[in-house]
Amino acid sequence: MIKPNISQALAGIKHSGILKLVTKGAAKKTGQSPGTLVHVGEKKVEEVTISVIDYDASNCSEKQVQAVEDCFPYRDTRTVTWINVNGLHDTELISKIGSHFGLHPLVLEDIVHTGQRPKMEDFESYVFIVLKMLYYSELDREVKAEQVGLILIGNVVISFQEAAGDVFGPVRERIRKARGRIRKQGADYLLYALMDAVVDGYFVILEKIGEKIEVIEDVLMSDPPPEALHAIHALRGEAIFLRKSVWPLREVINDLESGDQALITEPVTIYFRDIYDHTIQVVETIETYRDLVSGMHDMYLSAISNKMNEIMKVLTIIATIFIPLTFIAGIYGMNFEHMPELHWRWSYPTLWAVLVTASAVMFVYFKNKKWL
Amino acid sequence: MIKPNISQALAGIKHSGILKLVTKGAAKKTGQSPGTLVHVGEKKVEEVTISVIDYDASNCSEKQVQAVEDCFPYRDTRTVTWINVNGLHDTELISKIGSHFGLHPLVLEDIVHTGQRPKMEDFESYVFIVLKMLYYSELDREVKAEQVGLILIGNVVISFQEAAGDVFGPVRERIRKARGRIRKQGADYLLYALMDAVVDGYFVILEKIGEKIEVIEDVLMSDPPPEALHAIHALRGEAIFLRKSVWPLREVINDLESGDQALITEPVTIYFRDIYDHTIQVVETIETYRDLVSGMHDMYLSAISNKMNEIMKVLTIIATIFIPLTFIAGIYGMNFEHMPELHWRWSYPTLWAVLVTASAVMFVYFKNKKWL
Amino acid sequence: MIKPNISQALAGIKHSGILKLVTKGAAKKTGQSPGTLVHVGEKKVEEVTISVIDYDASNCSEKQVQAVEDCFPYRDTRTVTWINVNGLHDTELISKIGSHFGLHPLVLEDIVHTGQRPKMEDFESYVFIVLKMLYYSELDREVKAEQVGLILIGNVVISFQEAAGDVFGPVRERIRKARGRIRKQGADYLLYALMDAVVDGYFVILEKIGEKIEVIEDVLMSDPPPEALHAIHALRGEAIFLRKSVWPLREVINDLESGDQALITEPVTIYFRDIYDHTIQVVETIETYRDLVSGMHDMYLSAISNKMNEIMKVLTIIATIFIPLTFIAGIYGMNFEHMPELHWRWSYPTLWAVLVTASAVMFVYFKNKKWL
Amino acid sequence: MIKPNISQALAGIKHSGILKLVTKGAAKKTGQSPGTLVHVGEKKVEEVTISVIDYDASNCSEKQVQAVEDCFPYRDTRTVTWINVNGLHDTELISKIGSHFGLHPLVLEDIVHTGQRPKMEDFESYVFIVLKMLYYSELDREVKAEQVGLILIGNVVISFQEAAGDVFGPVRERIRKARGRIRKQGADYLLYALMDAVVDGYFVILEKIGEKIEVIEDVLMSDPPPEALHAIHALRGEAIFLRKSVWPLREVINDLESGDQALITEPVTIYFRDIYDHTIQVVETIETYRDLVSGMHDMYLSAISNKMNEIMKVLTIIATIFIPLTFIAGIYGMNFEHMPELHWRWSYPTLWAVLVTASAVMFVYFKNKKWL
Amino acid sequence: MIKPNISQALAGIKHSGILKLVTKGAAKKTGQSPGTLVHVGEKKVEEVTISVIDYDASNCSEKQVQAVEDCFPYRDTRTVTWINVNGLHDTELISKIGSHFGLHPLVLEDIVHTGQRPKMEDFESYVFIVLKMLYYSELDREVKAEQVGLILIGNVVISFQEAAGDVFGPVRERIRKARGRIRKQGADYLLYALMDAVVDGYFVILEKIGEKIEVIEDVLMSDPPPEALHAIHALRGEAIFLRKSVWPLREVINDLESGDQALITEPVTIYFRDIYDHTIQVVETIETYRDLVSGMHDMYLSAISNKMNEIMKVLTIIATIFIPLTFIAGIYGMNFEHMPELHWRWSYPTLWAVLVTASAVMFVYFKNKKWL
């Protein structure tokens, strides 16, 4: 692990970004009729693209679909089909998919409104899942989130992404190369594979944040600059955001794993249990981070106080040694006519002796107090 | 988003307002017989007005009712009727409605006593719901709350507002224009639409508070004035108040969505699940705000400490450099007869050299300590 | 609301009082056989008095009973009877009541031992309830608690108070004047009315504490004196005490409202649900107070730190301006023979010019730093 | 209540004692086969003594048993028998009791290993209970804990104590004197009486700690010495320890009271409910103490900060008044040839006037700032 | 107990170590097909070794197995067999075991991926358990964790360790020597014995951390160095890590003890209940540590503030005494022509008298303020 340098680490965390993630687009839809398809969120791709992979144990075909209608025939094949939609702003297209597959208007609304919290909804004939895909933008040095909608309906899995991310790349690769058991399994296993890919991404984020924590802890061990405070605050914000994104997922996957879902076959539930374990691990690590970050603020406060003590010690030592000496010098700077000491032969050397002795005494005193 | 300037942001939060909201009118009714109709709360409109909208898929009639008795015939029609009462202080009128529709005295009491917490009560033949409608008063720059009572009884929805707010305007519009599916659905869908309108309003409030948080966070990043502390405290109060208003709503909507309510038809429960999701989102965002606000106070404390360190450094540097120099000057200001240095030719320039060197050494020392 | 002045507000909260309430008489009974009647608590009235109200829809008789035996005949009438016992120290009297009505020895023990937490015990043939009646003593400016024991047995309600308080006055009045529905209802409604009276009293306390909070918040906004700290601590204690008194009540009333109690008829449970709502509201307000009070301590700490910063700024400005100037004056106070400046014509005015310039530079510097 | 003086109160709390209680003997048994009888804990008595009380409503015999076998015959009598074992280090003796009464090896292990947390285990034919008996050692001025093991088997109750404490004294007395209903009841009531005696002891501890809290609160109100901090920390430790000892008891007694235990007859469960109430009260009071103690630390910190402010004020006032004056004096101590003021007639008195005026202005300034 | 000295204690806690434990290898597997065997974690032994112990009440044979196939025959014997695998990096070997015993691919994956949280999975024909074995490395002076996988399948227990640790040594010894009841019991008792050995190890860790806490508390009582802060922070990290390792174990053992596991016979569940009690005790002690550690940070902050007060007192006393004196000396160092005092006979001694008196007054003042 190559540690990013401190200023980079500290710069990489912008507080406002977090806040934006937290309240993203929440209020944009106010007053609209429910089920109205309005895309809420950033438009991340120019054009919506649809790709279809259709496979069974022996065959696998893959194509980019031009018109949305081209992917409808796959609905009734016996092979497993994965329809992936990149881009959510073409509400007409999504509405067509919805009406063809018989999806509830609120489901479509949730797909295009990117401010959802992770959830699962079970409509007997299909299952709808919303997830947060997290990735770390090296450019902005911050965590970014993208909403992923997943629908399992018969043999078909439809996935909706805000942009063509690479998180599903390895799954696609495994299907193509028939690696692992994915080709031998049904659409429920495909759903699992996609969710697993999203959850695996969380561990990368955790590691990134772990690195930041380590950098800041190192800074706190020595002399923390004021920016460390902002970094800690931002880190706290990131942990809050992560928690918000991942926490509800526990419930979602727990529901899938419970065996109550008709669409999830029994041998696949054990795989969902595996994702469940991972999610718990992510959640626990986030909690650990929160604990560590809150401890870091205490450390920062103590570090400042320690520094203040250092400063005050310097001041006090200097002042305590020199103020009395200056007073003595002041005494013999007075212009009284009758000051016998002024005329003694050895006054001046004696005075120096006194001054040096006093300083030495003070020095020993501070040494004993461990201030030096 | 145009950021309000800081002093505005800080001024917009009055602590006492929060406290008033929290304990509003709680003790006014002590000692009264239960079921006594006493209006508790501010009188927000001069005259109570009643409007009635009666509709089915094909027709829609709307009118302002003069006498309360005019809206009673709607009770037995097969069309959906929405009776909206603006203003709660005319207890006689409300008592008439109550007796005509067969409402329990405690329900009427709760309607006119505006200090209720959100709740749902199921009286077999009708459902009674209390909500808090929140809006942001740009005038007072603070969050205000209004109590909304909703009753679903047969085909009729009766809503009670403290004042003629515009939060139900879009719903009325949708009914008039037959937009969405509202005209094709029953009274339970109307109930949903009204509650949805109230919950949508929460997101606007969240955004407003989010803006305030951002302003204060920016202030904290640089040099926070003492008012920032009051702003943080007031913000904390607002978050507490919001939480208190929204938190119980989860349970209310959960009950409505559960399918146990005979008056809510099955296809509409899915819409209540949608509000439920929104409520959870609001609650989680409020929790996030609380976390952020509590972190802000830590930041403020640290910022003050940092500032103190800055101040102390200045003092210490000045004192540490000049106090020893002043001492040396004091030494040669003494009037001893026998001070050989006073008579040497190069004493004075030598002394200056010593002083300058000492200062330079100090300067380097502080530079190394990163105090400069 | 007339605001009490600050010193009054601060004086009105004595910490030790709280502590006494918290641990009141807990250890006095150690080592005694269970069921032994020992009055634990302050003796608040000289003589135990018993009053009986007997009523049905049409008649109502009321009398003070001399001998405890006089109230036994009411047990078997068909009218509703309320026996109110003021004063708990006459254990013999209470033991007589107990044996006549067939109460369990532990119930009697709990009645006379005033250190109980609120609870409900259901002994099939009767229900026993312990409540805390709270009132605000204007004399001592603090919250006081009194234990109330309630027994519902057949048509009879027996209430045990530590002293003749006026909290049940309005209920008595309503019975006498046949106001509301109390005269038409059974003993379970009477039980409700008494408990409602106690819970209504909590709102008065909440308002009192709310006022104190407001006073202290105002103090904290400006320059808080050290006493504010004690007031905050005491307030925290009061909130803790309140919470301890009210929190268990939720469960008690929930049990009564649940419909599992044979002695509570179904139409009356809805009234208990109403008290339940009130109790929840009280508990939530207490939690809000706790949050606000804990925030107030943070404010206090910050206010002290701000003040310290102010003090340090004054010191630093003065020292930073004058210490260097004094050094310069010290230089020309030296007695070296060969100091050419001493003999120049314009030395002195030049020096003044330098001093003034230096001060001005410092002044501008501090102005820029916003220390002035 | 005679208040112990402060230094006593502060001295009476040793932190290491708490820590020892918390981790007592935990690791001593590592690597041993389960069920091996190894006494873990301090050996508190020289010789193990066994006393037997055998009674029914009419008779009561009591004796000290020499050989353990002497108490075996009581097992099959129809009278109630209480076998009390003082001292746990004679593992052979305890193993004999175990095999005679048919106890599980793990039960015996738990009896002699004094690091157990309170628990109840139900082995159909007998019930095994572990409790912590707490007492306050006036000698060491700290809370001490002793483990008590109780076994209810048929008509026999066997109690195991680490040392012959006096906590069971009153119970023994009641049996001897046939006070209360103990002689008329079965072994389950005896079990209750013993547990009640232990729980009653907690209230004494609570009162002791309450007194300490009061002493420290008084100290904090004025000028808290650094030792107060240690006292607060130790108090916190004591509260933690108490909580750890009492908290699990709730569950234990709840299980006993639930009516699921075949060995506890129905009329006795109501007595266990009484202990349950007491336990809840103890737990709540401990929580209250924890809240108060954590508030005390905040108070301490604020008190220190207030004191610091006082100190800084003194420094700042002195420095602000005298540093400028000293500068002016320094000016006229300079040796320039051309300083016209030096030669004026009224310079010196004028200067004094200036100095006094400046001081007065400063004084008024600080007075206005309320620093004086 | 020999106390390690402070610097050792403080040095022994490295923060980064904790962090590494927390996020250990989490992200290494991203993008891989589930069930792929990839060893994640440090390679702690060179060569994987397998030892087999096969025993019943009368016989016991033990051998080191060269090829993994050699341990397969034991599967079908009626004796109890314990197969212990040291080292996890030989995935081929583990995969062979997996396919022979019919283990699920995800189980094998979890065995070799050392970043698991403790869990139990019940696959009807076998039970899979993951534990964290903790030990204290005296070399690095920190807590280390090792993952232990346990499989109970028929009469066979297979254990997977990262390295040949000695924690299972005593169990092996007990089997060899036929100590306790282990030889007379089945494979479920062996599973218990192994888990018990792991849990026993936690107590050793707790004692080590307890010692560290005691050392740091002692340091905090006197004058804490800045390193104490880091030690506290690291201790907090260790407590967090421990909690994370042990907390999930409660659930695991609770499941085993519940009696729902077909493979655990009823007489053995009581032993699992014993481990359950131990686990609760460990968890509670960890919580206690967390409380103590968080209190320690408060103590540290207060100790720093106290020290600051000490420093400021010294400064203030010196400055307050000498600054006024220096001013007076400065006055009489002025060169005005007309200063009558300069020429008086007794001016100088009088001045000294004034100075000494002023100092004495100050001294008394500070004495009264308890600053001296």
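Order as written gives the chain letters A, B, C, D and E; numbering starts at 1 within each chain.
The definition used in the following text is that a residue touches a chain if its C-beta (ideal position, glycine included) is under 8 Å from a C-beta of that chain, and two chains touch if they have at least 3 such contacts.
Note that the structure is a prediction, hence the values are computed from the model and not measured.
Following the contact convention of this document, A is the list of chains adjacent to both chain B and chain E. Here chain C and chain D face each other with different sets of residues for the most part; under half of the interface numbers are shared between them.
Between the two copies, chain A and chain B, the Cα superposition rotates by 70°, quoted to the nearest 5. Each chain gets one centre point, the mean of its Cα atoms, and the points for chain A and chain E are 26 Å apart.
With centres taken as mean Cα positions, chain D sits 42 Å from chain A.
Each of the following residues of chain A touches two or more other chains: 301, 305, 308, 312, 315, 319, 323, 326, 330, 333-335, 339. Starting from chain A and moving next to chain E, the ring of contacting chains follows the order A, E, D, C, B. The touching residues of chain A, when paired with chain B in their complex, are 15-16, 19, 22-23, 26-27, 29-36, 104, 106, 115-117, 119, 121, 223, 226, 229-230, 233, 236-237, 240-241, 244, 297, 300-301, 304-305, 307-308, 311-312, 314-315, 318-319, 322-323, 325-326, 329-330, 332-335, 339, 341-348, 351.
Across the complex, chain C meets chain B through its residues 170, 174, 179-182, 193, 196-197, 200-201, 203-204, 206-207, 210, 213-214, 217, 221, 270-271, 273-274, 277, 280-281, 284-285, 288, 291-292, 295-296, 298-299, 301-303, 305-306, 308-309, 312-313, 315-316, 319-320, 323-324, 326-327, 330-331, 333-339, 370-371.
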